[in-house]
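Both complexes below contain chain A, partnered by chain B and then by chain C.
After this line comes the complex of A and B, so read on.
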């Protein structure tokens, strides 16, 4: 019962964006699609979301075949690089949008919507900004609104397209460790796209390294760093922040050490 | 002691605030304020009682009703169809789009009298469209409906040209975001796209309305120009002038001016309120 991507291919004209890609994402995990610009990682994410249709292949969420379903019927949460907030709505209305557009039969009543939205706003730590408009927020705050908005629909899968790409280095660092902690709290199956090796290593449970529309290696951050399968992966990960990995490795070893169980 | 640097910062990076404000104000004064205030000053000499007698004359009131009714109707028609045309031009590619795009500006370019005459020709009972409509007992030429047609024609480019760039700029990623949250096409359009375009659409409609109120050249050729039925205010003013009744002409003119000014002010105010919420 996982998110399964099986033999997905996609061409744009003569350009092969994805060449027979298969990934299996365990429920509750957060995985990173890592690769250089133009490698097809965003296309793959958009295909999982249903924003793009594959030329061939199958997308299954927890056993259900969604290949021919539209994005609105897939129950995914999608976070865009440039936030894509609704400019004419304040923070509250942005977050409430996904609940308010539900068909009347399954739409929660006003009180429930209000409670849910306020809970999400406090989850992303924006309690004081409920009535602000997106233009009155910083980049990091906007991206947190976008995240709360995506979570409001209780997605089965959360998809993030370079979620920190438009932010400055300091905010990016803060936000990615915050995202990791948030994921540890809510455990929604997540896929995020990045070209930043450190980001992938710090946030994800496992990393899918993509190059020229093909998967080069799949594995945990430690695996891909310690045992790169080919020169491309080795080269691509050559300038990562080693102490960060060591720290994480140390953490993993402590957790996995016998007799100290978690 | 205050540092001059602080003053500069208050006025933004590019200097010349004083000069450009002075230029703008004198330009507006010479072109708009002085001519209009001379009209107001002339009208101010009319005793109040006489002024109200002129304004409350049945024929004048009827003309005001016709002018405002037809300008409003035309603006609302342009609100709907101007938006649709702007949408098509901004969002879709089709054969002959460049030509359609160029046609939009024609009402700006051709003399209004020419426009009026050709519209009258087409919609008159013998005209190309008039003949067709006559079969259903609809007559649009030489009637009040004719005024509306002329004003729709004149006002269309104002709506299309203000709305089109805003639709073009609208980020389609926002529509994808709405779709990913479960919105259907209808909801995406009415809850996300349309509210973002609405301020520009209101501006365009207000301009079309204002232009319609003052339009004279095209209307007089297609309207039957009958007092109480299809006589617009600008025509009434011209008629008064031709009878050397400058007092009535200026009284009517000033009243028109005041109403139009207040209406535009209200529209501007509403729009600013809407824009303030989001920028």
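After this line comes the complex of A and C, so read on.
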């Protein structure tokens, strides 16, 4: 019972954005769609979310065919590169949005909404910022609000489109290791799009390398780094920060073996 | 002066520019405004107020108000509708549509009025049919509404299209993934984002709808007390040498115009503030 993308293709006019793509994402994993810009990875993410319709192919979440289901029936959480926070709502209202727009029958009562929202806000460590507006937050804080907002609807799949793309290098590093820890805590099946090799290697359980609308290789960070299947993958991963992988997989050894330090 | 910028005009240039613009503004704007009120109040405030009990004047005011009450909401609705269509969807002929929105601005109002005569008048396309069914459009209230709708249509759409372009689709898509319905997205996400620009467009629509003379004068047929809006009635009064009454009605329109200008300035302030916060957002 996985998230399955089968034979998905998409064209924009004459431009082939996705050419017969198939991916199988095990439940609870976090995978990265990695590739140069314009390779189709964001289109794929948007197709999984239902924001874009594939020309052909099937999308299944845990056995259920969702290809013809609308976005709002798919139960996905989507995090945008530029946050897309509602600027006229404070942090609390932003996070509560997904619960408040539910039809009356399945809408939780006020108290439950309040509890859920506060729990999520503390999960993303923004307790002191409940009444702030997006314009009063830093980029990293905004992206954490966006994440809490996406998680509020209890998504079966969490989709992140270049979630750290708009942040400066330092915040980006902090936030990605934080995201990895958060994922270890909540275990929601997640897909994130990135063009940053280090980011993909550090955060994900497996990596899908996409180029020109096609999948070049799928594998764990170690696999793709150690055994690139073709020159493109080898070249694309040639300048990665290799200790990052070791750091994740052999955390204790790294600490105990100073020679192998970062 | 402690610090002197290298590229600085001499003081006399500043003073000269200040005077020239001052004189220009007083001759072309301040003086006429003062004249309106001076002429209107020439025989005292009592006579001035009495003007507004004249049935011709009251019916002109009523007609003008009724026209904007009908036209402004319709144009607001279709303005939002078209701006939404143009900015959120891709379709062939989109550029042509955007250009078409501007047509009422580039056509002379008199010609706009004539268009409706040719369409709905006795000799027009639908003329015979309309007469057979006893429907009167030109030289009647519906004709005025149509003419005003036509000339004041572009303002809302023109204001919203650039704004909604900058805002993009992200917010709406975010709301969509969070399970909001189309209606909820519009009320809770889109409308709060565009409210200042929308209000600005509405104010301009309102000003144009109230002030329109040319197009309305062609379709109105000048049936006194029935199809004479405020600007038309001012013209009639003036033509009949009833200067005081003409200026009295003009003074109301001037008040409305001043209100419009102030509302515009306030809204521009809010729009600028919103733009600024959006820029900051993009930088972060």
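By our rule, the second predicted complex is superposed on the first by the 249 of 262 C-alpha atoms of A that agree within 3 Å, B and C clash if a C-alpha of one lies under 4 Å from a C-alpha of the other, contacts with A are read in each partner's own complex, and residues count from 1 in each chain.
Keep in mind that, in the parts below, a contact is a pair of C-beta atoms (placed from the backbone, for glycine too) under 8 Å apart; a residue touches a chain by one contact, two chains touch by 3 or more.
Predicted, not measured: the structure shown is a model, and the values here were computed from it.
Peer 1: Given the superposition on chain A, are chain B and chain C in a clash or a fit?
Peer 2: Result for chain B and chain C: clash.
Peer 1: Examine A:71 and indicate which partner it touches, taking first as chain B and second as chain C; both and neither are also allowed.
Peer 2: Touch status of A:71: both partners.
Peer 1: Contacts for A:101 in the overlay, against chain B (first) and chain C (second): which applies, first, second, both or neither?
Peer 2: In the superposition, A:101 contacts both chain B and chain C.
Peer 1: After lining up the shared chain so the two structures overlap, which partner does A:177 touch, if you call chain B first and chain C second: first, second, both or neither?
Peer 2: Neither partner.
Peer 1: Tell me the contact category for A:153 with respect to chain B and chain C: first, second, both or neither.
Peer 2: Touch status of A:153: both partners.
Peer 1: By the touch definition at the top of the document, which applies to A:84: first (chain B), second (chain C), both, or neither?
Peer 2: both
Peer 1: Is A:131 contacted by the first partner chain B, the second partner chain C, both or neither?
Peer 2: Neither: A:131 stays clear of chain B and chain C.
Peer 1: Regarding the shared-chain residue A:112, is it in contact with chain B (first), chain C (second), both, or neither?
Peer 2: Neither partner.
Peer 1: Contacts for A:22 in the overlay, against chain B (first) and chain C (second): which applies, first, second, both or neither?
Peer 2: In the superposition, A:22 contacts neither chain B nor chain C.
Peer 1: Quick check on the output: what are the common chain A residues between the chain B footprint and the chain C footprint?
Peer 2: 49, 51, 71-72, 76-78, 80, 82, 84-88, 97-98, 101-102, 134-135, 146, 149-150, 152-153
Peer 1: Report the residues of chain A in contact with chain C in the complex, numbered from low to high.
Peer 2: Chain A residues touching chain C: 49, 51, 71-72, 76-78, 80, 82-88, 97-98, 101-102, 134-135, 138-139, 142, 146, 149-150, 152-153, 166.
Peer 1: Which residues of chain B touch chain A in their complex?
Peer 2: 171, 173-174, 176-184, 187, 191-192, 195-196, 277-279
Peer 1: Which of the residues in chain A come into contact with chain B in the complex?
Peer 2: 49, 51, 70-73, 75-78, 80, 82, 84-88, 97-98, 101-102, 133-135, 146, 149-150, 152-153
Peer 1: Would you mind writing out the residues of chain C in touch with chain A in their complex?
Peer 2: 170-171, 173-181, 184, 188-189, 192-193, 277-278, 280-282, 284
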